[in-house]
Amino acid sequence: MTERLDAQTVREWGRRYSNWGRWGPDDQRGTLNFITPERLLAACALPRRGRVVSCALPFDQRGPQTGFAGRHNPVHTMLATGTDALAGAQDFLPGGFRYADDAVSMPLQCGTQWDALAHVFYDGKMYNGRDVSLVTSNGARANAIEHIRDGVVGRGVLLDLPRLRRVNWLENGTAILPEDLDACAEAQGVSVESGDIVLVRTGMMGRCLAQKSWEGYCGGPAPGLSVHCARWIYEREIAAVATDTWGVEVLPNETADCFQPLHMISLRNTGLLLGEIFALDELAAACAEDGDYAFLFAAPPLPITGAVGSPINPLAIR
Amino acid sequence: MTERLDAQTVREWGRRYSNWGRWGPDDQRGTLNFITPERLLAACALPRRGRVVSCALPFDQRGPQTGFAGRHNPVHTMLATGTDALAGAQDFLPGGFRYADDAVSMPLQCGTQWDALAHVFYDGKMYNGRDVSLVTSNGARANAIEHIRDGVVGRGVLLDLPRLRRVNWLENGTAILPEDLDACAEAQGVSVESGDIVLVRTGMMGRCLAQKSWEGYCGGPAPGLSVHCARWIYEREIAAVATDTWGVEVLPNETADCFQPLHMISLRNTGLLLGEIFALDELAAACAEDGDYAFLFAAPPLPITGAVGSPINPLAIR
Amino acid sequence: MTERLDAQTVREWGRRYSNWGRWGPDDQRGTLNFITPERLLAACALPRRGRVVSCALPFDQRGPQTGFAGRHNPVHTMLATGTDALAGAQDFLPGGFRYADDAVSMPLQCGTQWDALAHVFYDGKMYNGRDVSLVTSNGARANAIEHIRDGVVGRGVLLDLPRLRRVNWLENGTAILPEDLDACAEAQGVSVESGDIVLVRTGMMGRCLAQKSWEGYCGGPAPGLSVHCARWIYEREIAAVATDTWGVEVLPNETADCFQPLHMISLRNTGLLLGEIFALDELAAACAEDGDYAFLFAAPPLPITGAVGSPINPLAIR
Amino acid sequence: MTERLDAQTVREWGRRYSNWGRWGPDDQRGTLNFITPERLLAACALPRRGRVVSCALPFDQRGPQTGFAGRHNPVHTMLATGTDALAGAQDFLPGGFRYADDAVSMPLQCGTQWDALAHVFYDGKMYNGRDVSLVTSNGARANAIEHIRDGVVGRGVLLDLPRLRRVNWLENGTAILPEDLDACAEAQGVSVESGDIVLVRTGMMGRCLAQKSWEGYCGGPAPGLSVHCARWIYEREIAAVATDTWGVEVLPNETADCFQPLHMISLRNTGLLLGEIFALDELAAACAEDGDYAFLFAAPPLPITGAVGSPINPLAIR
């Protein structure tokens, strides 16, 4: 990479890899449109074992947030408990019936998540040319998560970079290039097709869990996708990309004068669904065991009206 | 129904329809165990159209909660906005990158949801004989929602009672009996099999939406399953049951001296997964259109550690 | 009132009754500056009975919020309970020590409250000429509540309008004029002085409590101060005004084309501290009993950094 | 101190220093009863300067909580902003009126606070012999914070231990004995009287702020009151005690087999109001400047129904 990458490059690539208008002026689903009925049916034909693997990190106080960007880990509280029941506090309920209830308070970006198309933007516009003034304290009046409530289901492909390179994890700062993705797919004997949901494992989450420390996980140096993947994502007609890192992209970013350039191009211009903080180690082990890296994948977002993201429990059905 | 139903009946039927120990003393997944790899693979073979229908009610302030049991509708707040970006509040970020973030605070039982096996109990015990003292202000140390994080995926079957009876909705207080479920399945040309996820439509949610009022929806009179379905659920080896009502069961309950007797038997003793506040009207229309009432169904819960339930976005893949 | 009142009047009166710059360009305390050390010492000399009366409405789910402006009543949750302790869940603590903990989630405007000087604004500016772009999703970087953390203590005066008029409450839509305030003070034998905290009782809260309904309390028709009080407040050098209503002002407002004009003038231009949802009935009864309507008043806000308001428990010390 | 202190001592001293029944079987205010009308009037006569000093630590994400006991720092969110207004999102409001709203989510024990009399207990009973089963997930049905809504106002006395010992702060583990309190009062020329609110400064908070680290502040080793103060508090008829530490008491506790023994005796048996995480440095400087350590003190709790504590902004009026 000898060319100089900067905010101008990002804007130029944004224009080049744009899907604005591709699915009409009213579209709010972006690259999920690549998951056609045919693609979805083909994905349903993939499972051979009848096994499901969850790619969600547990949502609790041991999560990765340490205050970056004002985000915190989920706060789970109980509204009714078994101990209350034992102490007689529910004796007003007839016939012995007793119950427990609970609640959660959490930033939607604090754990395993999808970014809605209203999550990042630049120059006053977000996906499909909509004005960012639509994203107020009342939520996003366009490009919000509820517009993909009938997703995300399709063909999932895991690309396990650490396994390819025979390491436990990629080092912080490692930029994953399109050719790395292709090489990984080839080594794994899997193709990447239009409408695929591509899960890229870097090993970073496993490293943090092994080291019992999330320090730097959120916003700090990390392995991740190079901004050069923007073209690959666009041309391959990828439906979604997710990683086991905080922000998908390599950090520090390759653009000294621009933060998260791949988000800027791929989410805002290409209309790509991005997934973050995915737990991919169990899935990687399962795929390695039988050499099969494609599966039916389902990760429905909660349709929280006006939300710019959603916590999810992504399932690989194999 | 001439026999007298009371809390004693409930306890007796609880013993009769118990799966405690069936999948070992450590089991925390209950009837989801009926979804074997074979059943799951068969479910994956069902889709023919490549279409997905969400069964989630939007999570927002227009939801059904009006204070019953201290539950409230979701509170969605923004942590960063497009308007902030426009006003220059994010100018510390380089290269034009701007973003929006948000958060939610919600009871886990406030909308479309799964009940965990720690949600209801009686006589000091919950599913598989565990002590309810395990359910404290810190959450449930057993039978919590995270133990079904690899679910819920399987064969879904919709039973559309109002369509069978050519009404828009069942009246409040209508008890749905096992023979009603069988008659509905037969009329629809669908069988109910071991490991199925059975979605029972009463039309109540549609009525509330049509009447623009949730009054009485939560905890008030409602159509729903009769306590007599406990045996049917047990014998048919149903994996999960969900309805478009607040609490699955007919209200007022058939047991004058006992609240929610079907929960007591089926959830606590049978280990049944119960789903509530499902939005089934769109799915019903789709099924009616092509006369096909079975589908691949995926509704993964958020693995909130220690939670006694989870909001979900259930997907029917057809 | 034959003159026509509109948004232009409001802007003109805003200029006329402005205190911008009066206490320097850095001031963020507004009319609280009228409470000089001398005034405060004089207030401390007022109590004669050694009795304290709270003017706070309880903070709980029975509060007045019904959804207006997205506000909800306080949600109180327990993090540790006595029932947990009884069930042995705290047995890890040595020596028998057991405890209960709790939490609250609440809009800062949901109950008895102070409005910070960052709470309302127009034409892009708030008190003392500051730009409203300083009020972002991260909070208010100027005119926030923490700047009055050393308040609010001073001489309080209750003006009990319903008692003056021998009614239980003022009817909705009743505009309270400066001459009404003067007549009330005179009838009560109390003067209103520079630096006073003026509590105006309309009886509306008592009416809602008596009728067991908060319908219309938040944002609906209400008795309250006329916009003509802006001059009176300015000239009398009032430090703060509070009422037993949702929004201090008469509703519908006297300005058909402008919402809450007194807020616009008095809070933004005069720099007045406004208090809302005060519970004044018990204080009114105490004052009536001994004919003494002046007292030491203390209502410290919680210094929540960047907040545009604070829940409070205002105390009248008599 | 050669005598052995253990959980048995605590129970014995609990009996010895008990005020159960002293103010009747229905009392829920405990030692606040010592603040008689006469004492309150005497306190109002104390101020000489007309100055107010706040003893609250700011409530924000830079607060002291680091996860101990599941507590977190306050989460402040905006519901409406100036940036929204600038972007036109509030243009539905007539006449130019614009506004900002906000909310907070916080454990009631996370910052400057009062402990309610339902906060700690042992052997199944709390203050005045009430059963701890009254403290459920729905809150405390007795001894909750709302019962002291007409407080806390009285004579405040600051005891500045570091100043007495000519150090910046007391070292962790330093136990403050009754004779230390007496010596400090005498050196400062102030008496401690029945009904006083005693503020004990250790310097620990200032140390954390100076070192820019709250590590260990919550639950870790700390200077604080010795369990021997229980008798002093009882006999002197102290109304409330507050410190600039997390938990009032010296840590590690003097009772190896018992956690927070002074809480157990003084809060549960004596009915003492305890205040924690008070910011006392500014007050200490003010007192030192003029040699006057007694003042009118007002720290009203928020009457959150059923709460076992309340955040406060304590004011010293001098």
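As written, the chains take the letters A, B, C and D, and residue 1 is the first residue of each chain.
Following the convention adopted for this analysis, a residue touches a chain if its C-beta (ideal position, glycine included) is under 8 Å from a C-beta of that chain, and two chains touch if they have at least 3 such contacts.
Nothing here was measured: the structure is a model prediction, and the numbers come from that model.
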Co-neighbours of chain D and chain B - touch as defined: A, C
Between the pairs C-D and A-D, the one where more C-beta pairs touch: C-D
Copies chain A and chain B touch via same or different residues, half shared test: same
Approximate Å spacing (C-alpha centroids) for the pair chain A, chain D: 45
Distance from the mean Cα position of chain D to that of chain C, given in whole angstrom: 26
Residues of chain C whose C-beta touches two or more other chains: 70, 75, 77-84, 86-87, 89, 103, 105, 133, 136-138
Chain-level touch network, classified as line, ring, star, complete or other: complete
For the chain B and chain A complex, residues of the former touching the latter: 6-7, 10-11, 36-41, 44-54, 56, 58-60, 62, 69-71, 74, 76-83, 85-86, 93-109, 118-124, 126, 131-140, 146, 149-151, 153, 255, 257-261, 263-264, 296, 298-309, 311-315, 317
Chain D residues touching chain B - in the complex, by the definition given at the top: 70, 75, 77-79, 81-84, 86-87, 89, 103, 105, 137-138
